[in-house]
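Here the chain labels run A, B, C, D, E and F in written order, and each chain numbers its own residues starting at 1.
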């Protein structure tokens, strides 16, 4: 089992969610975050003064998936979240050692 | 050392926190998240139109614990967060390679 | 590649961000979280009644960095986020198995 | 000629006073309460005030107004006539120097806010259907008679009870009803008062203070010296009570809170309400300063000890500051301000006795009648939501909507 | 002597009524709309109302007022005179018992809110520059003539069309203009109505209800029986429509929503507007109850079927409840309330025919003229923002600011 | 007979004007400021305005009113009499056609908002205790004398200085005091102006605009032509200044901001305040358009260059637009609007000289006296919170509460 964390554009959330539905991996957890990478910040003006806002709003998507679903899920996210412009975000894969479903105390792959 | 991430119902946070206190593992970090799994979404009505809200509010609990506390902590969370109904959430365990306490720069187990 | 997660004081965010800029590691993702550790909570009063607020606001900083940058980044965060008082927070290092840049589908180190 | 004595200045003042009192409920009180509740109960809280105003608006013109202000029937109730406001607008009748209809409309806004006030005690666990049933029952069987007794020529007014703008009729009445219902409803699972957005409460407090000028100074029914006098003492009592609440907090905790200050404002406005047209500036300062001690003590010491869950302190603030105000009227009423009333300090101790009687009668009647209404509703459709609905929050559970979306 | 007939009570009432109608737009309507939109479009939504008010304020005194209320020119438009309000303040002229200038200022607030209303349909995708151009064009070519026809002595008023406070001039006019523009603008990418902060909408609804007393009762132009009568029916229609909207939702879903109740309030206020000075209490209840069915049906059944993206339902609520109100005026106008008007149920069916004509003429003129103005703007500077700007949200994209910062 | 000349229309207008000016501070200005600050300072910011209003309410009736409006003592101050408003309500005295007491109450709201305005410059770092001490000191030693000089028959009014509704007494006075205190207080650690919830600021701006009609048109003290005239020019100046601020931003950045527009509204209202009862429509447009240039320049160019940390631009907007308005009154005052005043363009250049003198005297006195008061407070209990408190945010640090809970 792997943990996949993807940082995507906020307005891509719905497309990505639907795409993950279609490949049969609906389970996910979403967090509102802010980030910076290569995308440069934006400027806001208040009473004639410019403020550089360098952290831009993003959405973090977290999914636990079976080992052999990793490729499929990563590809699906990468594909559906892409605009081709700087700021599209990243996907990170990290190892998972155990999963428990709280409702039933099932463990392991079944618990996802 | 392990990192334990639990996704639980928002209204279970206090019970879980207290239970973790009782077993002597108070340190934790909490994030408001939204998620979907098997639990189906809810419907909201605005001016006669229904909206499917498929991401439900959850709380993400993150804890770094010593290897031999993992079982205890996981059991405590699973037990105190359970309602038995769909939507109770998941616990994920992942490896940790290092911990630093910012205040003192201590590293390793002592830094938790 | 490693994933570095740091829990810091909210008012240290700007200093830490600038310090990371200076060492050439700008990419990061930030989440508003709440946490408890050794720092004891605060008390709020409403109409003569006291409430114990034991979860204090913190900022979670997440960065994916190359293996040989880990030390540098950890030191920089630890140094710039320190006040020396309880509540300064923690840094956790976890392994990463893969990174994908959504915009280009590049993988591995280049994708950071 | 019908319009012979119509005074356009008085009428203008009553029109705007009516609008001001309306604003106190919608959205003033609604916001004041909504800011104090959990994020998950915001809309339900607003809804309780809005629906109280709407239902009262209809009932008042169907049969409410004549039951209060119709010809007195043995001191108990008005004789119903003019149902559906039949022929009142058409007749162009006058009430003093203003149209009868503006007087009726002005009085409606008092009936409406009285019911809405009760809701603050009940938030977080009351069935919405129970509330929709409670409004007409309580208005009919509690508000209308009590208002008749005090303002409509009923037995309390015949005895000479003083209530310039509603200390008894509005505040004691609603505060006591809130207490009675809370005893039936029982406490919430989570009783914390962690306001989800205090800004709403502050907007509400501001609009309440603003609208209260219509409430108290409008009760003069003319735009002249009496209205002005009521206006001034209303303002200074609110200010005094705000500062005295801050002082209490400062003495106890070393810090003053904004919610405390807002609570003091409301307590000060409540306390001056029955006295507004009868007292001078120094008396108003005393009334205001003291009322915060009364309400603060009730909320901080008595409530926790007795254990009833008056969620937003309707009994503590409206009930008790209302009682203090009603008594203070008997103490401080000055014949130099208003020839119609003389209190204890001007040599008429009997007035205080009458005030005690009016307070006692209103307390007893409101408490018992509300208990009966509550019991009936509980036995039929039930008062309380399910535990699940309470935990999930009422906005989602019983209205299918949320106050905020990201 | 010029001031001979000036009545200070009437003048006081018109001054405050004017301020009340101003408050309806700024910040009432602005907030009502802003609460319903996405977090990323809040400031832009507020800005559309504020800029409408500001631009109308200038235009009105430069040339707007005389084009409506100047000497009639063949029933079509007023003769422009007194540009820049030249010599009007100085002349101290009277309009009935009040200064001409307060009448002019009062009327300005109607022009301003009419344009601001339109913006609700357009949010989330309209170029700001296009709006800044639309305001003067639409005011000049649509509002001023229609207002002249109905209120300034133009052909509709010569025919005897009734519109007490703006059912035709304000609500049908703005609702239809909104529909026309929406057809040009096309739908938003994301049409969901998930209000980002319903509390704003509730504050807005409260201020609108409050301000509407100035709108409708102020239209009596005096502080007397007629103002009072309009005040009462305004209130009861709003309350009735709120409850009937709740009932519809309850019958359909088993639950009532706060946004539904707020929508009902607005629909009830719109519907009573043309009738406010002409009908009695029972008629107002009927008008209010029925109007929620009209607007609810439009929003829930017709809009989805036809597919136009009237974002915040300006046509559905203001257009259609406005039409119902205009017709209802022809049905229920009672000569016992106002000798100036007799409707169908009091034996004058012809009035209904005149109302149909006024509705039809306003609908057709507003629709076609707005379409032309919209086309011209689209062909020159363009109506719609880029897809990128729409997705990013207009606050950031076209104003470089954000409504919230953490 | 005492009431012989009481005019109920004028009295109604003054009662409601008083309530309107009260609403400007509580909660208008409080919200306007609170929306602009960081989430952690919201309640403290609200509290500064509320406490200013409450303390002023008490002081005014204890001794403030007679010091301003009592018999003139050598042009400097009023002779104190009637402390605790002794016998004023009871005497039922008249001030022109209205009760003396409503005039006194109306004037209180001006004193209160003047102090509250100052707080905008100080937010984020001022000790609460220092503020609670500053209010009575500043009112007593700065506001009361200056108000006496200009409005109470003091030396400036004897010289013929014009200030219809408070350009000098309220806006220059508070703006300059803000500047003086800021120099003592020093800058905040974090000077960014990233409004945490601009919606509050917009509600505040709307209520300020609404209330300003009471402020300016109420200053006529009667409901007639003069009030109407002041009402109209107030509105058009605000609208003009809003549009001109938008234009400046558009020329500089290609985009207009909602906060800019709101800032323009306030600047336009401030500038017209001293001139409101003296100028006609075209002059008001000029005053409004130009004032945004004045305040914008001050905020964008002068402030950063000089480096003082006037947090919410009290000096930049109230101080400088107030000065421009006071001078503009000397330029544009038209004897055809108000026989009492003739300005430069109507052939009386001396008036401009008098205005310059009044501005200079107020500036100098307010600056120096405020500096002294500030120094005294700093030397005793201290002006500034600890660095820790500032960083943590004042709501938590000094009030133990938070504006928002999830």
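By our rule, a residue touches a chain if its C-beta (ideal position, glycine included) is under 8 Å from a C-beta of that chain, and two chains touch if they have at least 3 such contacts.
Computed from a predicted model, the values in this text were never measured in an experiment.
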Exercise for the section: Just tell me the minimum hop count from subunit A to subunit F, counting one hop per pair of touching chains. Expected result: 1
Exercise for the section: Could you see whether D-F or A-E has the larger number of C-beta contact pairs? Expected result: D-F
Problem - Copies subunit E and subunit D - interface residue numbers shared by over half, same or different - result: different
Exercise for the section: Could you put a whole-Å number on the gap between the CA centroids of subunit E and subunit F? Expected result: 33
Problem - Rounded Å distance, subunit B centre to subunit F centre (Cα mean) - result: 52
Completion exercise
Listed in rising order, subunit E residues that touch 2 or more other chains are 7-10, 12-13, 16, 194-195, 197, 203, 253, 255, 257, 259, 400-402, 406
Fill in the blank from the handout: Multi-chain touching residues of subunit C, meaning two or more other chains, are 31-32, 44-46, 94-95
Problem - Interchain pairs in contact, sorted by label - result: A-B, A-C, A-E, A-F, B-C, B-D, B-E, C-D, C-F, D-E, D-F, E-F
Completion exercise
The answer for subunit D against subunit B in the complex is residues 391-392, 396, 400-402
Practice task
State the interface residues of subunit B toward subunit C in the complex, per the touch definition above.
Solution key: 3, 17, 26-31, 62, 64, 94-103, 105, 111-112
Fill in the blank from the handout: Touching subunit E in the complex, subunit D uses residues 3, 6-13, 15-16, 18-19, 22-23, 26-28, 30-31, 34, 42-44, 46-47, 50-51, 53-55, 57-58, 61, 84-85, 89-90, 92, 99, 101-102, 104-105, 108, 128, 197, 200, 203, 398-406
Handout entry: Complex contact set, residues of subunit C against subunit F
Key = 11, 42-46
Completion exercise
Given the complex, residues on subunit B that touch subunit A span 2, 6-8, 31-38, 54-55, 58, 60, 74, 77-78, 81-95
